[in-house]
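Following are the structures in question.
Consider the two complexes below, in which subunit A is the common component and subunit B and subunit C are the respective partners.
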Partner chain A sequence: MTPGRLAAAAVVLVAAVLLPQVAGPFWMGLVTQMIVFGLLALSVDLLLGHAGLFSICHGSFFAVAAYTTAILQVRHAVPTALAAPAGLVAGTLLGLVFGLAVRTRGVYFILITIAFGYVVWGMAHRWSSFTGGDNGVTNVPFPAVGGLRITSDTEYYYLALVVAGLVALGYRRLIRSPFGLALRGIKGSESRMRTLGYDSNRHLYAAFVLSAALASLAGVLYVYANRFVNPVAASFPVSVEAALMAIVGGTGTIVGPFIGSAIILGLRNWVSSFFELYAAVMGGVFIVAVLWVPEGLVGLAARLRGRAPHA
Partner chain B sequence: MSTAVEVTGLVKEFGGLRAVDGVSLSVPAGERRVLIGPNGAGKTTLFHCVTGTLAPTAGRVTLFGRDVTALPEHRRTALGMGRTFQISNVIAGLTCAENVVLAALGTDRRKWLLHRPVAALDDVRRAAHASLELVGLGPRAADAVRALSYGERRQLELALALTARPRVLFLDEPCAGLSPSERARISRMIDDLPRDLTLLMIEHDMDVALGLADRVTVLHRGRVILEGAPGEVQANPEVREVYFGHV
Partner chain C sequence: MTTSAILQAINGTSLAALLFLVASGFTVTFGLMRVVNMAYGAYYLLGGYVGLSIVQATGSFALGIVGGGVAIVILGYVVDRFLIRYTGENHLAQVLLTVGIAFVIGDVALKIWGGDSLKVPVPVALRGAMELPGGLVYPTYRFVMIVFSLAVAGTLWLLYTRTQIGAVVRAGVDDREQVSATGINVDRLFVVVSALASFLVGMAGVVGGAFLTLYPGAEWEILIVALVVVIVGGLGSLGGAMVGALVVGWLDAYGRWLLPEFSYFVLFGPMAVLLLFRPRGIAGKEA
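Coming up: the complex of A and B.
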């Protein structure tokens, strides 16, 4: 890291730690959501920004993890220490199945992931006896592990912040590894990578499963932050918005998806307070981003400073 | 001497078109074989079938005595195959160094490492740098591929094929589209390759082809019409007719 970037990171960290001193519970809740959806967008971007695959089913892993944790914790009184990992495992297992989508490319990949997403949404929506139907699963408690328990939104915010920080460090390692470089190689020229000795489908499958695991982690964090989960979590718009958060912030970067998440959730919150058709406004933002700022805000900032973006 | 590449009765059809029509050829280890033939003779299609980019309609391909007809490309690379493409196929969006690092890792189990940075694999970085030096791209290691000239992309293309130290190298018109001086430079590089490396090369330029080849195979309309030493091929009236038409 350059001194400038290190200083910027330090400022952001201090601001994040001090934020609860100035912001009320509503704002803390919103910022926690920004972190959670930033993680979801980051998981989508492992495929989109690095491997070049546009997945629109990450709401599925997110929701399956959230439902699993919620159902275990609420209906079966399973403690967090088991319910949270179970959510992570359930979402990742689904990733192992949906990962079959990597046998296709381009528009077929997009279509099959949309179809997968609808299967999960349909189950969440219709299988009422198990998922609670439209009402979902409510009254999810704050997480507690042993004697340690979260008792307020502010404490939960700190937990989410620590998890996001650890994920960012791990993700940084991953994308700098031979595996991460190979994903970018496949994005650049899959045919060349195959002649260099790479089984591109296996690499993409592994990336897909890792990405699903990260989306599941976001889902577990989401259900404890939200205190309930309903079929909206598995819906098509969630999967699309996660991708668009990555695009708006800047694909192929780590901060980009978090910035995109903050912008989109912040904007939605603000616009929806005075304008009922806020979804139309969000659509307009996406169109502008894709047409005029396809490299996202991080890329735009880099372009204005006249250099290529770094991860 | 053992056989590096053996092709038996290879056929490739695209719909009604027989691009390769029953080609058989055998290249001993260490030989430098050049394929020539007019446009549309099926040279590149034959290459694609031998390297695994395309699946043949019929026929059999062996590399070093092993039947690889049904083997995917990446497995053939693991057996010691390297290739270049007629139209430069280098990895856009990465630097030259990253390109050759990927080439060095392609046949190495460490390509699956998730937690160690590429920068920490010293031997891989050294191998990558050596191969850039070999093709004269050492000073451009940190530059993005998109900043390279056409000729430099051809050099990088060659570096990608050489980094993993293949035992048999397929070169599809390595000098295509180059200026005379760049052409001379690339053919010198190829000439300087180790003699134990088996070489199969498609080349349009007769001078380059005949200068490098131990033996030449002439393809015409998907069939082998002649195989022989460069001198024989040059003197053959049928070859002259195929290349220049009736005189």
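Coming up: the complex of A and C.
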């Protein structure tokens, strides 16, 4: 890190820690959502920005993790120390299955993941005896591990912040590892990587499963933040908006997906307070992002400063 | 039990008939222009709503079908010409862009036509039920719809296999550059094919709106099922779309009947397995 970036990171960190001093509970709830969806967008971006695969089923891992945790915690009174890891495992296991989609590329990969995503949404929606149908699972308590328990939205915000920070550090190591570089190589030219002896399908499968695990982590954080989960979490708009967040912020970076998440959620919150057609405005954001800012805000900033973005 | 099974087969066929109308346009435009247009579901819904308003205003169902189709032809042209063309062949950009367009259309339609389920009124002559051989009673409208879709499918098939424009389209699906090199105006061909596809999907909205009803969210449901049709059949193949529509229609009908809670699984599970072993669908070729 350059001294400039280090200073910027320090300023952001201090601001994040001090934020609850100035913002009320509503704003803290919103910022927590931004962090949670930023993690989801980051998971999508591991495939999109680093491996060149566009997945539209990450809402599935997110939702399966959220449902698993919620059902265990609410209906079976399983403590957080078991329910949260169980959610993580369930979402990751689903990733092992859906990961088979890496046998395909391009538009086929996109369409298959859309269809996969709908299977999960359909189960959440129709299998009401188990998932609670459209009402979902409600009354999820704040997490508590042993004697430590979260008692307010502000405390939960700090928890989400710490998790996001740890994930960012781990993610940074991952994308700079030989594995991460191999993924970038595959994105750049798959045939070249194959010629060099890399098994691209295996690399992409591993990336897919890791990405599903990260989406599951976001799902567990989501369900404790929201206190309920319903089929919307598994729906197509959630999956595709996660990709949009990564793109708006800037793919292939770590801060990009979080910036994108903050912009999209902030914009929705703001627009919906005074304009009825806010879904149309969100649609407009998709159009503008694709046609005019395909490299995202991080990429745009880098271009304005006259150099290429790097992770 | 047998009676129900047969009724479900007819139900599946009538859904297949509708799906074919939506999926045929999607698959041929993909085959020819390499465009993934996720707004097709929204086209379907909007076409249905426009048709509904026309039927309510004029009392003519036929006029509603034509009007719904024409409205989408115009919209589709504007979207193709001013938005999609700037994405080149980047499928990721096309998907995001057209999803955005679908959000806009869906939200505006919600504002105009409201959030309730609306049903396009069926002409009096087609209301009620008819008796089929063997003593089965079935809604007349859905039966007529199957016949109508078969006629459309037959016409498309003749157009595709027996006419010069069909030959050019088939050649374009196989190798666009080569067709362009022989002096055929590919851009004009795109506009014509895209207009036909838009007309079909707009018309499908009116036809489908008379038995599935129109409501916010219907655009995604129909799109996803149509996507499965296209994937199963093989992207770019008209014949594949016919086979795919039947497979999906029946799977959906029997799935809803036998395993209501897992009907999505019945629909998408076999598709996922098929794709893993035959990623380009039943009739798909190497891209």
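By our rule, the second predicted complex is superposed on the first by the 311 of 311 C-alpha atoms of A that agree within 3 Å, B and C clash if a C-alpha of one lies under 4 Å from a C-alpha of the other, contacts with A are read in each partner's own complex, and residues count from 1 in each chain.
In this text, a residue touches a chain if its C-beta (ideal position, glycine included) is under 8 Å from a C-beta of that chain, and two chains touch if they have at least 3 such contacts.
Predicted model only: the values in this text are computed from it and were never measured.
Shared-chain residue A:173: touches subunit B; no touch with subunit C.
After overlaying the two complexes on the shared chain, residue contacts for A:75 are found with neither subunit B nor subunit C. When the two structures are aligned on the shared chain, A:197 is found in touch with subunit B, with no touch to subunit C.
In the superposition on chain A, A:188 makes contact with subunit B only, not with subunit C. In the superposed model, A:285 makes contact with subunit C only, not with subunit B.
Ranked by how many residues of subunit A each touches, subunit B and subunit C are led by C. In the superposed model, A:303 lies in contact with neither subunit B nor subunit C.
Touch criterion not met for A:5: it reaches neither subunit B nor subunit C. Those residues of subunit B that touch subunit A in the complex are listed here as 51, 53, 72-74, 77-78, 82-83, 85, 89-94, 98-99, 101-103, 105-107, 110-119, 121, 144, 160, 164. Residue ranges on subunit C touching subunit A, taken from their complex, read 30, 36, 83, 86-87, 91-93, 95-97, 99-108, 110-111, 220, 224, 227-228, 230-231, 235, 260-265, 267-269, 271-272, 275-276, 279-280, 287.
Listed in rising order, the residues of subunit A touching subunit C in the complex are 48, 54, 56, 100, 103-104, 106-108, 110-112, 114-116, 118-119, 121-123, 125-129, 236-237, 240, 243-244, 247, 276-280, 282-287, 289-291, 294.
Put simply, subunit A touches subunit B in their complex at residues 173-174, 176-182, 184-185, 187-189, 191-200, 308.
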